[in-house]
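A short worksheet on the structure shown next.
Note that the chains take the letters A, B, C and D in the order they are written out, and that residue 1 is the start of every chain.
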Amino acid sequence: MNFSAANLLLVGILLLNLFFLGTSRIRALIQAAALQGVVLGVMPLLIHGRVDWNTGLIAVATIVLKGSVIPGMLRRALREAQIKREVEPLIGLVPTMLLGALGTLLSIAFASGLPLAPEHQNLLVVPASFSTVLTGFLLLTTRSKAITQAIGYLVLENGIFIFGLLLLEAMPFLVELGVLLDLFVGIFVVSIIIHHINREFASLDTRRLASLKE
Amino acid sequence: MIDIATTLIHITVMLVMPPLLIGVINKTKAWSAGRQGPPLLQLYYDLLRLFRKDMVLSRTTTWVFRAGPVISVTAVLLAGLLAPFGAFDAPLAFDGDLVLFAYLMGLARFFTASAALDTGSAFEGMGAAREVSFASLAEVALFMAFVVLVRLSGSLSLTPMLHAPMTGAFHGLPAAALLLVGVALFVVLLAENARIPIDDPNTHLELTMIHEVMVLDHSGPLFGLVLYGAAVKLLLFSALLLHFALPFTFGEPLLDWALFAVGLLAVAVAVGVVESAMARLSLRHVPSLLIAASVLCAFGFFFTLA
Amino acid sequence: MTPTIWLDLSVAAIVLTASSGVPGLALGRRSGAAQGLASLLVIVGSLLGALAAVAVLAGAAIETRTLPGPLPELSLHLRLDPLAAFFLVPVYLLGVAGTLYGTRYWKQAEHPENGRGLRLCYGMLIAALAGVVLAADGFAFLMAWELMALSAFFLVTTEDDRAEVQQAGWVYLVAAHAGTLALFALFALLWAVSGTLEFRPMTSSAGTQGATSVLFLLALLGFGLKAGIVPLHFWLPAAHADAPSHVSALLSGVLLKMGIYGLLRIFMLLPAPPPGVGMLMIGIGTVSAVYGVVFALGQHDLKRLLAYHSIENIGIIVMGLGLALIGVSAQQPAWVALGLAGCLLHVWNHALFKALLFLAAGSVIHSAGTREIDRLGGLGKPMARTAALFAIGAVAICGLPPLNGFASELLIYVGLFRVNADGASRLWSAAPLAAPLLAMAGALAVACFVKAYGTVFLGPHRSESAARAHEAPSSMLLAMLLLALPCVAIGLLPALAMPALDRVVLDWIRLDSPPPALSELVPWMPIMGMNAALVGSVLAVLLILRSRSRRRVPAQTVTWDCGYVRPTATMAYTASSFAQLLVGLYGWLLRSRSRDATRTELFPPRQHFHTNVPEQVMDLVLAPLWVSFRRALAPLRALQHGRVQHYLMYVLLTLCTLLALLFPIDELLRRFLGW
Amino acid sequence: MLLIALIALPVLAAGVAMALPSDSWRPHVLPVAAAGHLALTVAALRAPAQDALGGWLALDPLGRLVLLLLSVLFAICAIYAVGYLRYRRELSNRVFVPCLLIFLGMTSLVACSQHLGLLWVGVEATTLTTAPLIYFNRTPRSIEATWKYLLVGSVGIAIALLGSFFLAYASLGQDSSLLFQDLLKRADQMNRSWLHVAFVLLLVGYGTKMGLAPMHTWKPDAYGEAPGVVGALLAGGLTNCAFLALLRVFQVCQAAGEGAYASRLLVFFGLLSIGVAAVFMVGQRDFKRMLAYSSIEHMGILVLGVGLGGLGVLGALLHMLNNGLTKGVLFLSAANIHRAYGSKSIDQVGGAMRRVPLSGSLFLLGFFAITGSPPFGPFVSEFLILSRAFAAHRFAVGASVLVLLLVVFVGMGRTVLAMVQGLPASDSGRTNYRDGLLTGMPIVVSMGLVLLLGLQIPAPLESLLREAAAFLETAR
């Protein structure tokens, strides 16, 4: 029962990935990221089945961080950087979407090559995490604005987090928190740098950051 | 003791006979030109006169200028002790004496040329340059000849090497090789002794001379030494050549010495004939002649391998 | 005495020489005391080391010692055997001579900036050279080898404020490093094949045949680069010409020989080579000999000329080595003995007369202030002693009797002719053809040194600076004398050197039958007699002339020169014109570039004619190769073009590729369809 | 306790430094903390093996080695930093100094951590703390460098995290502890395909941090724009932390019997890194970027040595020390030259041996050391690695490495000699920098250490190296 619900959410995440690649507006991108964060926050409870302190705390922390705090920081960065709200992809949106779709298919195929533990059988976690990681990569490599790359990094982390769900028992609580914390600090530092970039270059277009060569 | 006797004769021949060869050459040339020519013993007279004369030294010169002729004459005479005359053994014969022979000549060349440069005269510089340049090619021919002879005789000393042809043990290819070597040695002789077609000893245009121009500034005894040394050199090379020209012996010492003396004179005549028959090569073409000589010997070497 | 003292002495010598320059660093930039101290240390150390070497050559027992290295696997083994001792002798002799020379030639007071560094590296170099020959395992050898290369580099670049010196040093450094890397491979492979880093003769088992040839090629590359055999000589002329003269003496006198030493040492370890190897070495040697002397003829720079002659002499040495190898493969002890002895004796001789010539050239430069042969001239009068010493070196290097060059070349000639005499028609019966070429090299050397000596020391002064020249100070003359005397001694009495050679040969050779003593192979008695006669009679005649001219004083006048009343220096024959004939003859090889402004108008103004001979391998091969290599790299450099997106793409692609490799594609499709 | 102190001390010092108001006093916290850390390290190395936090922290031979290197290198850099910051009064070091200290703490954490996850957390933390260090100069170029470093580095680390998860999942089943010794114990039951994927991910991830080609792209930018002292710490410290992480993973792979596969990949990436470095070093005009590429080259040599196994491992571990210390020499002296000329392009820099004799000579010596010339340490380690290549009959590998080393030498040497030789160009900018005790002595010390490692490796260190190599080989 739970597992199917989990699968449902995972499919939702896959769709969100396609949306990331498809949308042309940064604000929407941030919204979607926040939504994905919330979904991820719910996942542990569903997969873990029962609610205990660890999972509960992790869930809450996830929802708070990924769902509100980090998107908030990104929004602030976006606000103070007086820039066009367009994504400005280096290659068109449609090709990236197609790439993303292809990536999803491949990750499903790839995941099917990896034997799962009995309790995780017929669970879409692995393909979902792969395709999310891939989506993050695509955002990082095909989008030109610093802030969109930050979002890409966030999505990448989400993908890894999804896989982490399989290890709730194995991975001790402390580590999970450490990971979350690192992610948070990472995004925090990133947004600081974004702030400086904006101040120095009066833009977040990383195409200007190409003076260091060879 | 026969050995002592041979040595003494050897030395006397080497010391006394050289100027005569020059005389013969000049006589031959004169006759073929229909002239009377200088007397046969002219060079002896010249030498006596020169040794009696005073020296004139250029202020530019150093000790090298004086040492040059002395060293070269000494070197050539010492080399003469290594060369077998006719059917007789050389006073000194040992493995590797052929190298010493050639290198003593080289020593002589070094100091003759240096002495020439010592005067700071352009002409003598020219002469020295030509001398050392052509010698470097003549040297190749000479050593190629040695290689063939060592190969044939299986010995590393001039005496047995050069006596090998006399044994008459060679037929077919080896004999041909010997013939080639003989021709090559004749060319070397002409080159080493600055004769036509390589050089014209009595041209009167310094620009074209080689050996003569090197000694323009030498005078008196020094000049005498130079002329004498040149003559001795001619005799030595003729002696080498004779082993190919007259490769036989009577086995009777007196006859053999006579044969040798006649042979030397014959060589002189031959040189004279060549000089009157041929014109001087232009300097450009001298190298090719010498290279040709080396190539002949190379052929000889390959004959011996076969 | 205990039989272990000699190696200790050598180690002490290494320590003393290596540390000789250190106290100077503490003392002032202009303090002569530092220089004196350093020189003293070098001399004392060298004397100790030379003592040990001579003792071993005289028959003292071979000693070995193990010093702790960075790791137990890499502990340093030292071995003082006759071969090592033989090479130690010139190292220390030239070390002493060069140091003496340096005290005046490179006065600390005159060179406050680089004097201390120069002395530090000079001592280091002497120590490193000794280390190379004493090393008895691959690691210690490499260590000493590279130290040697580095200190030599610093010595060459002593005057690094001059652009050409920087260039020379750079080319030298690259060549040296390339050689070292080849030796890296050589010793690593040796380790892999023989299972030990120590120098132990390999047992020629089945598997090692292929490895042996690879080892040989690596050795040829690595050591050939150091020895400067053609075509690996490209670094040599510039490096030796642009270093300070007493450094050039050391570099060309002993540093080059380390390449020869390495080859000898390696051939001690490898199993007997096929005859082809020996022939190859003879071929290389002949080519180097002729090439070196021909290029020397084309030079206008006194020191470059000498440097090219080093190539020639290395060629002669390699010919001897090749002869020895043929002997090994043909099981002919006599050939081995003659070839090896010729090779070794020429190592000594070349060290002596080439160092002598470099030092003499240094004195000339020191007093006349130029290296251009055509701007010198007539120095024989103001610098009579230097001129005489140079003459000794010149006659010796031409291999003319009665000096030492003849003795070593005679050994090689006799060896070649012996192959010729008692060789059946086999692969090696072509070897004797090297003899005429060696003779040609000799004759060309005569031409070249008549040119050098005649133009520098004889004739009129060609420039103001030449006219102002003065005799070298006594310490420099003493240093040269130190080298000239052995030249004369070995030349007049070659038999004296034979016992040492016999000992080395006996130790090196690995044949069933022992080699005959050299004195049986070459009759030194008559040769020494001839030498004595030559010297004696020349002196006699000269004395007669002198007494005669005391009685009848010869008239002094100007050079006759076909009637010129007032011959000027410009009328004298220049070195360039002297060599013109031969340079033209070998034009196909030299490709001399001439720049002349031949005018045709009626009253042509002042005109200049200038020729120079480029260093073929460097200018025509390596430099263009490097340029095209860099051009080939250029597109790759575009990979780092500053776009972070693409950087991330690289990561992604790497990841995907590796993962894809994990999953064969058909597998992937099957699963995909199956799913 | 000792271990916790090792990590806590620098962090506390960082707090103190943060609290200190004066820019001129703050730097002096560095040497104090460094001295304390060094003392603790020595104590920890002498003390018998111990663990903390239930085995999450412990010092195995590998850890000891890395910790020793870190502590020594940091001590050198700390003293240097005091002198350096005197020349940079115009910039506030309120962030710089604390970040340096936290960096020390986090690297120590990496060295001690025995837990897969904790290790990752440590490495990520070092990444984050170094970002402000690189941005110290506050120039547009330094921002760009920081941005690239941060993005590429974080992505790499993220991949490493995924890899760690995979490794964890591969060993999922019985007692699911992620302590390395448990992983090693359970290695043989691990699931092969998960393990393979895990190794690939970890190799790419930590390889990015190490700077293996083609994930090296951040290195030249970061090293080029960061202050020299930071460059030294990155090249000598951070990269070795990543190397340590990689070693631990490799060890697990070997224990699982997948050593062959892992070694193949390591050798491949080693060669690739050396090659790429060679390509970019030829004709490099910016000497700090040149050093960055040199660092890439040597990371390649490290993994190559490990991949070759046998003596190669010993060589690699030794080379880790040599490279770290030599890089210290190079980066610090290069920084002095940079200070003295106000430029890091060889178009302006020339005749450094005359303008700043000490730094110039040290830079030249460092160059010879890093290119494997005796009597310096790298020669020994490179000789071990290369000999291993031949002993293992990997002739192609050995030969290509040698050729590449020659290219590297030519490329690097051209730049270095152009910098140190000749006369200083008259137009090249004059600055107030002169070699001083604080900016000179540390370099001399580390040069001395490099020399020592080349002549005579101290017995304790040698035994430590052998333990570490054996520890790595046991699983094979």
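Some observations on this one:
The rule is simple: contacts are C-beta pairs under 8 Å (C-beta built on N, C-alpha and C of every residue); 3 or more make two chains touch, one makes a residue touch a chain.
These figures come from a predicted structure and were not determined experimentally.
Distance from chain C peaks, on a Cα-centroid basis, for A. Centres computed as Cα averages put chain B at a distance of 78 Å from chain D. For this pair, chain C with chain D, the centres built from the Cα atoms lie 42 Å apart.
Centre-to-centre separation between chain A and chain B, using Cα means, comes to 101 Å. Averaging Cα coordinates per chain places chain A and chain C 69 Å apart. Shown for chain A are the residues in touch with two or more other chains, namely 113, 137, 140, 149, 206, 209-212, 214. For chain D, residues that reach two or more other chains under the stated contact definition are 147-148, 151, 155, 193, 197, 220, 280.
Contact annotation for chain pairs lists A-C, A-D, B-C, C-D, with touch applied as defined.
Within the complex formed with chain C, the chain D residues making contact are 147-148, 151-152, 155-156, 159, 193, 196-197, 200-201, 203-204, 208, 214-215, 217-218, 220, 265, 279-280, 282-283, 311, 351, 353, 368, 371, 373-375, 377, 379-380, 383-384, 386-387, 389-391, 393, 398-399, 402, 405-406, 409-410, 413-414, 417, 421-423, 453-457, 462.
Across the complex, chain D is touched by residues 68-71, 73-74, 139, 142-143, 146-147, 150, 157, 160-161, 163, 166, 169-170, 173-174, 177-178, 180-182, 184-185, 187-189, 191-192, 626, 630, 633, 636-637, 639-640, 644, 647-648, 650-651, 653-655, 658-659, 662 of chain C.
By the touch criterion given at the top, residues 637, 640-646, 648-649, 652, 659, 663, 667-668, 671-672, 674-675 of chain C touch chain A in their complex. Remark: chain D residues 115, 117-118, 120-121, 124-125, 128, 131-132, 135, 140-141, 143-148, 150-151, 154-155, 158, 161-162, 165-166, 168-169, 172-173, 176, 178, 191, 193-194, 197, 220-221, 224-225, 280, 284, 289 touch chain A in the complex.
Residues of chain A that touch chain D in their complex: 113-115, 117, 129, 133, 137, 140, 146, 149, 153, 156-157, 159-160, 163-164, 166-167, 169-172, 175, 178-179, 182, 185-186, 189-190, 193, 196-197, 200-201, 206, 209-212, 214.
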